[in-house]
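In what follows, a structure is listed as structure tokens, so that the remarks can point back to it.
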Amino acid sequence: MSIRVLFFASLADAAGTRERTVEAAGITDVISVFDRCTADAPALESYRTSVLLALNSEFARPSSPVRDGDEVAFFPPVSGG
Amino acid sequence: MSIRVLFFASLADAAGTRERTVEAAGITDVISVFDRCTADAPALESYRTSVLLALNSEFARPSSPVRDGDEVAFFPPVSGG
Amino acid sequence: MFSLTREPIDTARISRSLQQPEDGALVVFEGIVRNHARDKAVRYLEYEAYESMALKKLEEVGTTARSRFDIRDIAIVHRLGHMEIGEASTVIVVASAHRGAAFEACRFAIDTIKEIVPIWKKEFYTDGEVWIEGAR
Amino acid sequence: MFSLTREPIDTARISRSLQQPEDGALVVFEGIVRNHARDKAVRYLEYEAYESMALKKLEEVGTTARSRFDIRDIAIVHRLGHMEIGEASTVIVVASAHRGAAFEACRFAIDTIKEIVPIWKKEFYTDGEVWIEGAR
């Protein structure tokens, strides 16, 4: 099980990285990926209620299942335009 | 009493001219200018209910009074833009 | 900036001359000569104006837009004379801090121009020509 | 045409490449870097994107606009990276036979971009910098 994880904007600052890999048993859904990243970077915890979740370039839910090779992204509400 | 009269678009075609002068006693308001022009160019009559009236570059009413030296214009509903 | 011109309208130039550092949104409308109207193929158009009054009314449209909507400025240019398919007859540029007012002011401006500015369009087809009258 | 770019956006070029002879109206929106925000003087901006998803979402905005409004086509370009005051971060061009649908589609597009396209703006002031978060 290997998930590529991307962080953007303030979430990248909190994670201390823009990209990492999560390889672990017990990773079943998007929120479990976030839990695992938060264990490594506690500053992410304060974004738990506002973070937007994406799975393979599409918006996802906390319970969306992840599979080996998936790309998960965490980011704040968008401010482009 | 001398009124400069302008015609635009289809009204100019009906009047047979783009500009004329009306010099006559009995000209007191904008519609009397139109009446006088219609006497000379009967094709204008069919525009009586749709014609827009202007007096010195501002929309006017049939009863708007005219004075010596005024400029009156007759034209169809606008279609610019 | 409100003007009538017989030359092609340079929209980018109008936008750049209107824009100021406090503007966060520009909304631009271009009215364009299209190749068909009323189910007929249009070859070209001619626009005629009561110029002194048209200029006064364009200014009135702009002044009203500025007072009614929270915009910083508006420019309106209307072209007259002969125009080919694809050329702009009217360009409106609205500059504003925020987008909502800019959209509303631009829409108001073109709608009002089509009601009160004394300009008329003549459409030339392969088999004739017709003065177009607006809705009264 | 939907794209992300790190170069200045040439609005006139996008308009001219989108426009076809059947179009009677172009409505253009330019989102511009302005010199103040949240009561602070802004020196410059940087935009960051989740690029693969942002491009997909720009296309989704355009496709939805085309299906929901009676327009012929829409182009959306969003710039990324460093931008100075007065430069356009976003340009939307809508081409249509008639103006009403063009205004509505353009407004819909910018409103939706600000909701669903993963791009973020960082404002740089004289005394610091802040990531701006949209309303969720």
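Note that the chains take the letters A, B, C and D in the order they are written out, and that residue 1 is the start of every chain.
Quick note on the criterion: a residue touches a chain if its C-beta (ideal position, glycine included) is under 8 Å from a C-beta of that chain, and two chains touch if they have at least 3 such contacts.
No experiment lies behind these values; they were computed from the predicted model shown.
Think of each touching pair as a link: the shortest run of links from chain B to chain D has 2 of them.
Among the other chains, A has the CA centre that is most remote from the centre of chain C.
As a whole-number value, the distance joining the C-alpha centres of chain B and chain C reads 26 Å. The distance from the centre of chain A to the centre of chain B, each centre being the mean of the chain's C-alpha atoms, comes to 74 Å. Separating the centre of chain C from that of chain D, both taken as means of CA atoms, is a distance of 23 Å. Multi-chain contact residues, meaning those touching two or more other chains, occur in chain D at positions 31, 110. Pairs of chains meeting the touch criterion: A-D, B-C, C-D. The touching residues of chain C, when paired with chain B in their complex, are 31, 47-50, 52-54, 56, 78, 89-90, 110, 113-122, 131-136. Interface of chain C with chain D (complex): residues 11-12, 15, 19, 21-36, 85-86, 97, 99, 103, 106-107, 110.
Of all residues in chain B, only 6, 8-10, 13, 50, 52, 54, 57-59, 73, 75-81 touch chain C in the complex they form.
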